[in-house]
């Protein structure tokens, strides 16, 4: 495959239809290994759909998705997650009956070297690994300041905490590329500032690429190095925050006159 | 130290089963029989709990797995000619049980496959269908006695075997669901899409749940056959499956201690109601309704959970 | 118009709100602010009857609302666009909106309001036959607001209406809220994220209102 | 407590008082109760009153095993009577055998039942005997050679009877042109009957219970099937005519006894039963009556309720004048007795 | 040839009974999303109301079946509706916010209660159901017979199916029922009285059960307290096959199961009938996981 060596993910001429509706068409996106890329666009522009195509929830009807140079179209979502793409959901999808701790534990399953027989028979390696699992969950929770709610049911937390738990859960899959779908939604100003700090921290500390969908311009403009703009499934602009902020078609389609 | 607690508990449980079984003849046979049924129902209910409670796959086919285990076991022990009390029983019974479990597990594999495409009530009806197919096929197999049933199975099952298997079942299943690996079952139950996005192979987990659950149901079937010494296909109809589902839900889905206690209570309750004869089942069914209305999360809700108990154990044991 | 006094709500063992009081006069737009988890959503859900209050009273136009079933509260004239949208996933956009007008009889007025909703959210007209469940997040939010408007309430409760909405629309929404308030005389109780206070004049006054202040502080 | 110390002898009865076979279980229970009351009214046996302890099997084999264990080991009954269906009897028999408590089954016709051991008896004929009776009646009396069978696959009684009928009938030179099946609980048999009709038999054998049999005959007549139908003792019930109505013309069934049998024991039984329950006893009630009566007789002869002695006394039963015929227990602990064949309608013939 | 035709008639008339019972299952499922197990037992109660009422009603109206039939039917519907609504109020309503499986077990409890209670009250023995439907012969050749009873049953089934579909799709209450089925809280925020809607659903479902009970009794005139178990199971399977919650689906499912059973019995091995019927059901579901007419729940990720 002819993918640029520095890119972790490339969408080539990607498109998808739902019945008669073309949700995304001929989309070209390239994400470098250390990019923090923003994706914005009006409601229903196709942003979440792009996430779903990348993660295998939807199959693109056209084009290819290259992860690390390899076409991942057709792979199952769990295989794609296994390759190193983690995500959050626009409508929070935490495991409702599990605690915060256990929600994150689920993500570590794919990193386990032990399986059915080890866990049922409790062989020595099992205990060793369980200790490691616990340590890494606790470490992550500390970074995100969620240790105090560790044993609470994830879905009884306030909205903002749930969003952060989702990010931690995605991170725990040890992704190379992290997809965040409106992580700031439902957060207040203070929390948003804190979120921006965390996203930057995650990128540095875990050394990964991030693709971010967000309607809050302070957040997007504040942390993204580059931004893609979708409208009606088509990419209408791409560039650094300043250029996007002043792009006329972006203002017309998305930002409105009094841009943030 | 504490990390091996569950193993110690297991060994202790088996040892106690052995010691108790030495005094088995002192127990009134009627009570012994109830106790044995309690044990068998615990195995059935905890194994179904893995499928229904933990992995969230609504299965109504457990009696079918039990039938396979029972009939396989019966064929094995009658072919090998085991006799109660004979020394050969010590080898033949475990062999019969394990083979019964394996045959049931293979069927579990087969039943697990539709679960990949079907959900909820559609899956329930499919598993019910599988169970009934198994029953009808046995009913038509002459070498298994057909509708007339299988007679002359040696009575090899005793307190020791039943409660050793109970201990092993509970040990395996609670270890499984309490391990990190086992969190995959819960994730599949709660949200398949999110589980997949976290790298969980949902297909594999569902099949593992079905196969493991079916295996233990098969073993329970074997224990049952070698206890009653006569089995016929009607004993394994979907009504039996429903009885097991009731135990799981009354106990609280995904709550192993609750399910164990429910299995025991729901075995004892109809016995306790015997004196009122014809009114017994009416009272029994009413109590079921009342239990559900007053304790909708199961008898014990979330308070009594092995997870929290073990969690506490582990916390003490592991410095973090 | 609405008076809430010393409202307390528990979820199982969790004491979600402890003694919230607020009052809104007819024709106002009141804004409720509060930290994450302060209990704003819970307050709205209790007003509309989705959650039972363990203590306190809610009165609406001299009618006691406390612990009445939601459908009676709606019939009395309180409508809500809830947090989490609660779209009827398998009903189409049109059917969802029509559900909002469930209690109404006047076909012409209903049609009028439908057109009004489509004028605020043209996107919904484009998606009119699509099942609500397959809409994008923002589209669902529009549908939830539209559906609440279709109940034609005298008091409208909006829980973070701009959640997931693109900036260009956020402004429209708040403008329309004021328009609705002005022209239809609808009283509005709005939950917004702090720092996003886009309503001027009357609204900010309410924000200083004693009751709302309490809610905002949430006795955390 | 056991029946030894105080002034009663406890007899255990297990029957399907609830569940799918409840109608049979209640019949046996009525028959058994009648004997107990008669016996006690006339002073009991061995100077003691009889106490009948009845347990419900819910029509399930596993329950049968449980309740018989209870009756023997908890309640200490000296003998056990039950069950209607061989499936449940087979589940309970090994328990009686291993505890050395004699058991008499009123109506389990499966040959395997008494093979369980020397404590297990029956007062009815077996499926092979009955199958042979039906075959001979069809072949010799009706002179029909082409039979169809419609049996209940879920029911071991029905399957067994069908098997033995076919065996005998073929030996006599008859032909089974088609074999069809249904499952307990079915109510629609038109598919089977249509297929049977296509095979053009001269008679249709329905070895099942009266409820299904009545519906089968009725639906057969509705499909213009004119040939006779014939069944076994499972047909015996007043309900047969009630449900089947006029369709029952031209049907026959083998039975243990006939209510119009002039023998005093029969007439006495029918009268008393009617007085007590306001209904005509069916064959199962009669068999249960006989089973308990034989047990009473055996206790008297043994002079004891001691297991082995009682067993030997039952085994020695000879020419007992029962409602269902003159009963002699043979070497295989089965009842050797005659069967009757009844035609639906007022007049019945005897074979 | 005429055998084949006869079998088709047999299959359709058996299927129409399954379809009729299945409609009731699907009705309740469509709104409450749970299997109303006691439906089969409500059906039994319906038949018994007919059994006890008809002999008293027939002489009252001068022996006219044309008048006695509908009155009996109506009475039975009334009794069953009262029963259904009471069960819902006492047993299901307190559990409404709970997981569906909790309600399912309660439903199983109620079902057992009605079965064993029925054995106590009505007695376990089968009763001969009185003649309420005219059983005229429509076609009568030596090899092909069609009577009026199954025709009446089929007509009733199809009629009720259309009526139900009309209620659900075209009336306000029907829309409310659909809304309640998707999201009860949201429905209540639209001003829908959930309790009323659910009670109404039970009235509909129970009336259907009663109607099925009366028709079943007329077609197979032997009724007993356990008569609901197997037809109930078959009907439930039919509803699932057609796509549970879908009204025409239930009818189609019923006819398909009826035909499959009849054909397996008539032309394949009757002893394997249930196994083959289940096998076909499983196969169909594997290709159409939400039943023949069922729509997969659309879920946006």
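Lettered A, B, C, D and E in written order, each chain numbered from 1.
Here is the rule we go by: contacts are C-beta pairs under 8 Å (C-beta built on N, C-alpha and C of every residue); 3 or more make two chains touch, one makes a residue touch a chain.
Computed from a predicted structure; not experimentally measured.
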- When you check each chain against chain A and chain D, which touch both of them? B, E
- Could you find the chain whose CA centre sits the greatest distance from that of chain C? D
- Task: State, to the nearest whole Å, the distance from the C-alpha centre of chain B to the C-alpha centre of chain C.
- Result: 50
- Message: Can you compute the centre-to-centre distance for chain A and chain B, using the mean CA position of each chain? Integer Å is fine.
- Response: 41
- From the C-alpha centre of chain B to that of chain D, how far is it in Å? 37
- Task: Determine the centre-to-centre distance between chain B and chain E, using the mean Cα coordinates as centres, and give it in whole Å.
- Result: 33
- Multi-chain contacts in chain C, i.e. residues touching at least two other chains, fall at 134-136
- Task: Spell out, as numbers or ranges, the residues of chain A touching 2 or more other chains.
- Result: 48, 57, 89, 91, 93
- For chain E, residue numbers touching 2 or more other chains are 116, 119, 271, 274, 299-301
- Pull out all the chain pairs that touch, please. A-B, A-C, A-E, B-D, B-E, C-E, D-E
- Task: In the complex, go through chain B and note every residue touching chain D.
- Result: 28-30, 33-34, 37, 139-140, 146-149, 151, 155, 228-235, 271, 274, 277-278, 280-281
- Note on the structure: Contacts from chain E onto chain A in the complex sit at residues 300-301
- Item | Contact footprint of chain E on chain D as seen in their complex | 17-20, 22-23, 25-26, 153, 180-183, 185-188, 190-192, 194-195, 197-198, 211, 214-215, 218, 222-224, 239, 242-243, 245
- Note on the structure: Per the touch rule, the chain E residues reaching chain D in their complex are 3, 6-7, 10-11, 13-14, 17, 116, 119, 123-126, 128, 140, 142-143, 145, 147, 216, 219-222, 224, 226-227, 229-231, 261-263, 265-267, 270-271, 273-274
- Message: So in the complex, the part of chain E that touches chain C is made up of which residues?
- Response: 172, 175-176, 178-179, 182-183, 185-195, 295, 297-300
